[in-house]
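Listed next: structures, encoded as structure tokens.
The following pair of complexes shares a single chain, chain A, combined with chain B in the former and chain C in the latter.
The block that comes next holds the complex of A and B.
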């Protein structure tokens, strides 16, 4: 039974940053990840990280852009913290070896990003996430005395004591199938978003929101679950991402008639309006018959100088070539809005603390809320680092001076039985992969860019039926060593619980704000809906409540770009 | 499209492995190699067998999980990751062999999945910046020449997949080690520890049982991130300097790093 002061679940940017912050405070840390840490999905963050570092920029301007981008649903105290602390975090990254782009004078260079009033996105070509994550991973090695890494361990459930405090977690070692109870004084969930609930998605196969579901089952509230970001530029079919950096470098969006249609929707910011605005514009063009027959519009990167494309967008050149058969330096590439990011998640305060004592959350799994109804590009890396660090610091303080509690092994035995039951299921009923496919297609068609009551209700009905089917679904692999199928079954249960919460919240919010656009309630309604929807688990189903939005200096205004 | 496959099956590290023959038919030319394996797994399971285990995650070539030796070439014929290798890259009816990355330092966990943790231990031996720089100065007090930054990035782009190791006739991990060292040693913040880093990481590389580099160049030919073998030359340069520095330090001529 391994013991740690702080246990971090998830080893992407938020998890690694939290582990490092806790170790800097001198406590022992265990960091668990279902994949090797450098395979985590933070890798895929291409465009960059925002910080008001330039002399003519200010954190207030960054904060305002973020709040306006969120359609005023973000908590402004949290946004202020994130934007104030961004410059120092960026410099810290630079000091530990992240190779941020330097201009010809040797100074840090920036690029423009959507919804921002200043070019404040710092970047490493279009591999910013990968560059930061590998560098943080190196830093974990620096603290090898304090940080134990558990790579390829899948956490199935949190362990609570009799008073409902979080005191550890149950985890399955993927390599040999053994189950282990980890004890800890504080647990930080940094296990990422849940894009795999939708199909297609830009998210990797591991993004199943396991931490969100575990926190929910442990009694923590989820918040803003209806807010799901559709990224404006993804490839049809498989959902590969074309970075917003492409539009930041000047690329145009064109409909099938060759019109630069953003003129109609966002005459000032054009292609660099907020993501929800651009995605809706594209979907409107497609729905009204001005798209291409394959249900797409075009992204024209050829207007960006070739040399600059090869310097700043090199990964995208490869994605275009390999996955769409298009040389993006010579011809436009067909794109459409696609599932990308979970704005909502586990409700936390500004130190990452959840409603469950001893349990923290950070990164995409958490909802602080700095993104509200819509996240700005290049704010997600920032969110993971700032609130990863803060939750690591606070968890270390919480752990200091406490003893390790006795933890009952009941939860371990219960989880062992649950896993065994999945492996032993009869080959009847539906397969896990079929249910997952139906879930993805349902959510992508009904809980996406445009929504209405009828569609969301029918998605909810489907999700509830799939929940029942999933309880008896069988898996292909019955072995113990590296059995990925059994993880798939556990992930499916996690995803269905979250999908139910998302549908309920989307039904409840009878207005249009940020990523939630209800065609039956097309206006934003501050009087009734300037509040968060919280979801908690009551018995087997979700229960909704409300919490206020924290407003400091920025009163809601009409939102135009 | 139809293919004849010879797939390496091995139930666990301790057990003997061997090739298993399979056929797949009706494969979409646009399917990736991993999607083709999924189709094969469906068939194996329908016939009552155990599916083939293999590593995968992002499916877009950035995470470095996938690690297939396809017809003896790490990741296959096109110098991209296994997930970016497509069935259209092979002639219809082709016979294809699929194995895990081969190296005695990479034990097979199951079927096509290997343990690549020796690479982590090389990083642990010095592949990080250990100074804590304290209060942050203004960012542009110490400019970094863009060519140095580009150079560091060309090395930092390594995704740690281990294809270089699997390609090397000597089983050397020098391209990986060189990339890690070149990334940090090209930057001003990595400079103060450059000798210790080069020395420690090469020592650990040898300790793990990887072979030495004799300039075959197979590593750069398969690297999906197109990292140049030049990083190994730079690593040797820093390693030699480190040895000299240690000699001089022992005689008291310079301070040890």
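The block that comes next holds the complex of A and C.
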């Protein structure tokens, strides 16, 4: 039974940053990940990371852009912290080795990004997330004697004591199928978003929101679950991402008639309006027949100088060539809005604390909330690092001076039985993969850019049926070693619980704000809906409640770009 | 949509059936768009036919590095290989051979990566091989002194230069393809050495000399590479690991004048000198020149060089036996044949030209395909590899 002061679940940017911060405070740390840490999805963050570091920029300006971008649903105290602490965090990353782009003077250089009033996005070509995450992993190597790594361990459930405090987690070693109860004084969930609930999505196959579902089952509240970001530039069918950096470098969006249609929707910021605005504009063009026959519009990167494309958008050149057969330096590439980011998640305070004592959350799994109704590009890396670090620090303080509790092994036995039951299921009913496919298509057609009551209700009905079917869904693999089949079944259960919460919240919010656009309630309604919707698990079903939005200096205004 | 047959090398460690003990082949028929990937094909087989088919995968977009496999013998990422192209390649390879399926279609052969033990099906143990090597190169930045108040001031070019190695996603394709590692499993290998260059080439690092010293003197270090280009072919991200190894060698041997215990530096110089003088390789002089260079070396060989020469005798004998050294008489100094006509002068002219400048090519930013866009100082080098915005760094020759 491995014991740690602080146990981190998930090893992308938020998890690794949390582990390093906790270790710096002198506590023992364990970090668990269902994949090797550098396979985590933070890799996919291409464009960059925001920080008001330039002398003519200010954190207040960054905060205002973030709050406006969020459609005033973000909690402004949290946004202030993120934007104030961004410059120091960025310099820390530079000091430990991230190879950020430099200007001709050898100083850190920036690029423009959507929804921002200043070019404050720092970047490494278009592999910023990868560059930062590999650098953090290097630090895990450096501090290997302080941080124990459990690579390719799948956490199935949190362990609670009699008072409902989180005291550890049950985890399956994928390599041999053995299950362990890890004891800890504090547990940090940094296990990412849940894009796999939608199909297609830009998200990796591992993005099943396991941590969100485990926290929900442990009694933590989920918040803003209806806020799902559709990224404006993804490849049709496959969902691959074309970075916002392309538009930051000057690329245009064109409809099938060759018109730069953003003139109509955001005459000032054009292609660099907030993502929700651009995605809706594209979807409107497509729906009204001005898209291409394959249901897309075009992103024209050829207006960017070729040398600059090769230097700053290298990954996109490869994505275009390998996955769309398009040379983006010569011709426009067809794109459409695609599922991208979970703004909502496990409700936390500014130190990453959830409603469950001893349980923390950070990164895309968490909802602080700094993104509110819509996240600005290049704010997600920042969110993971700032609140990853803060969770690590606070969890270390929480753990220091506490004894490790006796933890009942009941949860371990219960989880072993649950996994074994899936492995032993009769071959009747549906395959796990079929249910997952139906879930993805349902959510992408009904809980996407434009929504209405009828569609969301029908999605909710489908999700509830799928939940029942999933309880009996069968798998092929009966083994213990690298049984990925059984993990898929566990992930499916997690996804369905979250999908239900998302549908409930989307149905409840009878207004249009940020990523939630209700065609039956097309206006923002601050009087009734300037509040968060929380979802918690009551018995077997979800229960809704509200919590206030924290407003400090920025009163809601009309939002134009 | 088109139909494909995937011929997958499988290993089910817990199999009880007689015919599934040990490694075996399994065929899967899948149907998908030719522009989708081999991984999409594998996932279709797993989702629809056999959920026990093990393959690591996550991003599907050549970013996470999970799905390294061999496809038709070539190490690569399953997600980055279009299934239509893989089928065409299989057809070319199958030409005249009997690797077609019952339906008459060529089979796309998918195997686990090489140089790493197999855990199950296409899943290999990277921890005990790849990651252990990665940790051998002290993979973190070691600046000297405390950090500055703001950022380190370094040139834009230096950051772009090491970003080629930073682009590595640790997928292991190069490790799988490495021929030197097949001969010497302890070789640090292409991925870890590219990682090493990432720090050596970083002006913020304060341990450049120490790193180079270690890499040159490690018996399984930079001089273990045989320059076969397999890693460059295999790399899905344009990291070109072999280029990074060669840059480490130039930095260690030429710029830092590190005389390594492996005699790697001298061996390399002997090779270059030998070709300059003779036009083709003269094995009779190579060994002696490697261990005891120049007239001084001939007249006053050191104990170390004598020892080195004697230790090389078995290798030389093996070379003769296997036909690598072409014939015994050729080992007698002076017997080496002359190049016909003025070929020798041509060789000499290449030397004159290449000595004028040393070009460090950064494949990361130049893209692929033959587009002329003014790569300064890069004329005369193979155009399909180096184009566009070649990162050319000129250094005064020796």
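Heads up, the rule we're going with is that the second predicted complex is superposed on the first by the 561 of 561 C-alpha atoms of A that agree within 3 Å, B and C clash if a C-alpha of one lies under 4 Å from a C-alpha of the other, contacts with A are read in each partner's own complex, and residues count from 1 in each chain.
The rule is simple: a residue touches a chain if its C-beta (ideal position, glycine included) is under 8 Å from a C-beta of that chain, and two chains touch if they have at least 3 such contacts.
Computed from a prediction, not measured in an experiment: that's the story for all the values here.
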Query = Based on the superposition on chain A, does the combination of chain B and chain C result in a clash or a fit?
reply = clash
Message = Output check: A:356 vs chain B and chain C. Expected answer is one of first, second, both, neither. What do you get?
response = neither
Ask   = Touch check for A:88: first (chain B), second (chain C), both, or neither?
value = first
Key: chain B versus chain C as contact partner of A:141, first or second or both or neither   = both
Key: Partner chain(s) touched by A:328 [first = chain B, second = chain C, both, neither]   = neither
Request  = Would you sort A:215 into first (chain B), second (chain C), both or neither based on which partner it touches?
outcome  = neither
Ask   = Taking the superposition as given, does A:100 touch the first partner, chain B, the second, chain C, both, or neither?
value = both
Task = Could you tell me if A:477 is touching chain B, chain C, both of them or neither one (first, second, both, neither)?
result = both
Request  = Please work out whether A:44 is in contact with chain B alone, chain C alone, both, or neither, and reply first, second, both or neither.
outcome  = both
Task = Enumerate the residues of chain A that count as touching chain B in its complex and touching chain C in the other.
result = 35-36, 38-41, 43-44, 91, 94-97, 99-108, 124-125, 127, 130-131, 134-135, 138-139, 141-142, 151, 175, 204-206, 238, 240-241, 315, 318-319, 322-323, 476-479, 481-485
Query = Along chain A, where are the residues that touch chain C in the complex?
reply = 35-36, 38-41, 43-44, 91, 94-97, 99-109, 124-125, 127, 130-131, 134-135, 138-139, 141-142, 151, 175, 204-206, 238, 240-241, 306-307, 310-311, 314-315, 317-319, 322-323, 325, 431-433, 475-485, 488
Query = Where on chain C is chain A touching in the complex?
reply = 12-14, 35-36, 46-48, 50-52, 54, 56-66, 80, 82, 119-120, 123, 126-127, 135, 139-141, 143, 147-148, 150-156, 159-160, 162-163, 166-167, 169-170, 202, 204, 238, 364-367, 371, 373, 388-389
Ask   = Quick one: in the complex, what on chain B touches chain A?
value = 11-12, 41, 45, 50-51, 53, 56-65, 80, 84, 86, 109-111, 113, 115-117, 120, 123-124, 127-131, 133, 136-137, 139-140, 143-146, 148-149, 152-153, 156-160, 183-184, 187, 189-190
Inquiry  = Help me check something: in the complex, which residues belonging to chain A touch chain B?
reply    = 35-36, 38-41, 43-44, 53, 87-88, 90-92, 94-97, 99-108, 124-125, 127, 130-131, 134-135, 137-139, 141-142, 144, 151, 175, 204-206, 238, 240-241, 315, 318-319, 322-323, 476-479, 481-485
